[in-house]
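Look at the two complexes coming up: subunit A is in both, with subunit B in one and subunit C in the other.
Here is the complex of A and B:
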């Protein structure tokens, strides 16, 4: 199970038997609209607050994933979930609705792969038959908490990123049809002293590189082993920095194999500054777009490296730098 | 025509200073606004803001720095007529219309509209 210094190999190859992806209007107008299961036209989702709207999206993603697998809530043993709200309320409140035994996770935008790797670990170890792993984020709720409420009208610099409004859920099982989770690398905190929450991509890039390097070392592989390596939400600025850092460290990933979920999700003409971000960014792109490509046979083996900036509004106000992390998960097409 | 040009250049310069405070000195929007208000107040206290308003008209009276000037103007005026207590009672004298309308119209707008996120 333990592979090298900080990785797991899942010999029983847990299966992602279903995924579900929910998005808002901005995502519906984006580049990957066809990969969403549910798209809402109203960012409020008919709810009284943005936080309630986020919880609703998370519930929808979870229920849809369970339904697509032909299961009931009662069949799912554990629910692993996280989000960006204080005290991860979206996840805990969705867990209240679902009634599935629940562990809340916080890894900021790295939570998607933290959850998926733990779900695979639980299944692989025989600790569960079905584990549901999910995350959510809501642009307006996140802006309110971490930056400024949108109606305040503060300017965003070009390095800022656009938080994805959406939720993604993956149902992992011991047997079944679907992409396999075969390995994971758990990241360590990397903090190079960036304290600007409007430049998260630059802050997170070194963490992504650290985890990719650790992954290649632990599994004794290189980029050629994968059809695609996708970071979570580095955006334009961070993706560029990560590319440079990888090169400096002698790790060669061809540009056509190296991408970022934050760069894939929106169209070029959408006003998203440096790209997408948020817990839902890597989740909706991976569980929707990338796994759909894998199901179609376009991708056989991918590495998703979800990146997270572990700051709080308080730590930022107290001028702390931003500790960053990245977790990597290997997904493979079945039968290959 | 010359009047408009002067107003545009002076008002624009104050806005450029605000933008530089945001982009180069990384001030938060609130800190930037307060910095301009305090600067306007200090200039007003030194008797330098009024000449600027005379010179540039709306170019100096519309930007937020003018609010700082007005606060000091009210306080100084009341202090002259009623003594030291006038600093406290006069500070919002000139600006009360602006503050009240900000609150009232802000409230009305919040009743009529919903944030679009």
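Here is the complex of A and C:
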């Protein structure tokens, strides 16, 4: 229910009864390989195109999540999904395969938490018994659409980020065992005039800060309330800027509690410049790594702030700056 | 960013851009230049070798050897691109691999491979000059302008 200006409290505490994350070979060589349900050896997944490969990953993640919960597709009431492709084709085509009533979402890389907050809202309001929320991204498909061909030899600047190849799905239910979704804060667009698509971290950092501030204000809490606050895909550059911005605005988050999914997913020696990005970045790290830590009891209450850069190749070429957004979701371990 | 552009953004935006800029890692310009010099130099040396090769073992002159030399470099670049190696070299070499003819071959080959999934006509045919297109367009146009200038000067009795 509405809390403050732009947040929801989920009094019935919807449960994430299962999650599934899948990833490509580069993610398999990353720092969180053990948290993936499926790791593919080939970025093509045996498909004829990168777009089809992304759709396949999303389908696999969704089917795995449903299977892990011991349910059938017919049991799931709604499917909320988004991705980075034009007209969100990966999601819509996966929804065609799944046959679950579907709402497509676009929030760029913030879609994971947009979907999860809406799923929790639907469950909390009694609008559904089971809602599947998923996202996907594919490095080569994204490069093809937003940047250059995969094999094109352009030199990336140190502020560039590496789009995660993967998909993450969370099945949210009214009852069951698992981490609970207790609150969410919906972000507003923040655009401080950064227009360089090779510097998404700096573009998105103010949006993350805006949403974190709004969240603390709406719930009347501070960083001490959480064991971990993780942003979606700010990378090294954006994480540094967000930390300094928060401090400047008088919000103190201890460095050991403040992290970024784009920093966690890859190993230090992988050539990802400033870190990971893409829809799947926050989804695979949250649904895989962070929820696993929560299930093991290492974390009790976390805040995930998924950040999205809402640009298109067209808007960039027309010299528009990058509108950015961030959505925050609170997840708590059951029984605490 | 030029002052012209700065006028169109608010004070808050300007302030943030300064704030962000102070925290961004700079492009390592000197290292990049050095890498580009080494890589570009090596490619030119390789080209020189092919020119010598075609002149020594085949009946090419210094001028006519240019064509087979370029063709050889283009084939090597296209092969490295299709094997997925060229982009990794380019991340290190930067301008060193973009400026020589190998870079041009890479733009066309990579776009052709990328858009194969949309078919040969609309995919490969329609997209292979996506990145190389501007170079060709403005290359031809500049040649045209220079030619006009040359002819005008000649007609006026110059040179």
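As a convention for this text, the second predicted complex is superposed on the first by the 336 of 336 C-alpha atoms of A that agree within 3 Å, B and C clash if a C-alpha of one lies under 4 Å from a C-alpha of the other, contacts with A are read in each partner's own complex, and residues count from 1 in each chain.
By our rule, a residue touches a chain if its C-beta (ideal position, glycine included) is under 8 Å from a C-beta of that chain, and two chains touch if they have at least 3 such contacts.
Source: prediction; values computed, not measured.
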| item | value |
| --- | --- |
| Subunit B versus subunit C as contact partner of A:241, first or second or both or neither | second |
| Touched partner set for A:43, first subunit B, second subunit C, both or neither | first |
| Touched partner set for A:125, first subunit B, second subunit C, both or neither | neither |
| Residue contacts on subunit A - larger count, subunit B or subunit C | C |
| Which superposed partner A:224 touches (first subunit B, second subunit C, both, neither) | neither |
| Which of subunit B and subunit C A:205 touches, first, second, both or neither | second |
| First, second, both or neither for A:155, with subunit B first and subunit C second | both |
| Which superposed partner A:189 touches (first subunit B, second subunit C, both, neither) | neither |
| Which superposed partner A:139 touches (first subunit B, second subunit C, both, neither) | first |
| Residues on subunit A lying within both footprints (that of subunit B and that of subunit C) | 50, 148-152, 154-155, 157 |
| Residue numbers on subunit A that touch subunit C, as the complex places them | 48-51, 144, 148-159, 191-194, 199, 202, 205-206, 236-237, 240-241, 244-245, 271, 274, 321 |
| Of all residues in subunit A, those that touch subunit B in their complex | 43-44, 50, 139-140, 143, 148-152, 154-155, 157, 165, 196 |
| Touch list for subunit C against partner subunit A, complex | 9-10, 12-14, 16-17, 19-20, 23-28, 32, 81-82, 84, 86-87, 89-91, 93-95, 97-98, 103, 106-107, 109-111, 113-115, 117, 131 |
| Touch list for subunit B against partner subunit A, complex | 22-23, 26, 29, 114-117 |
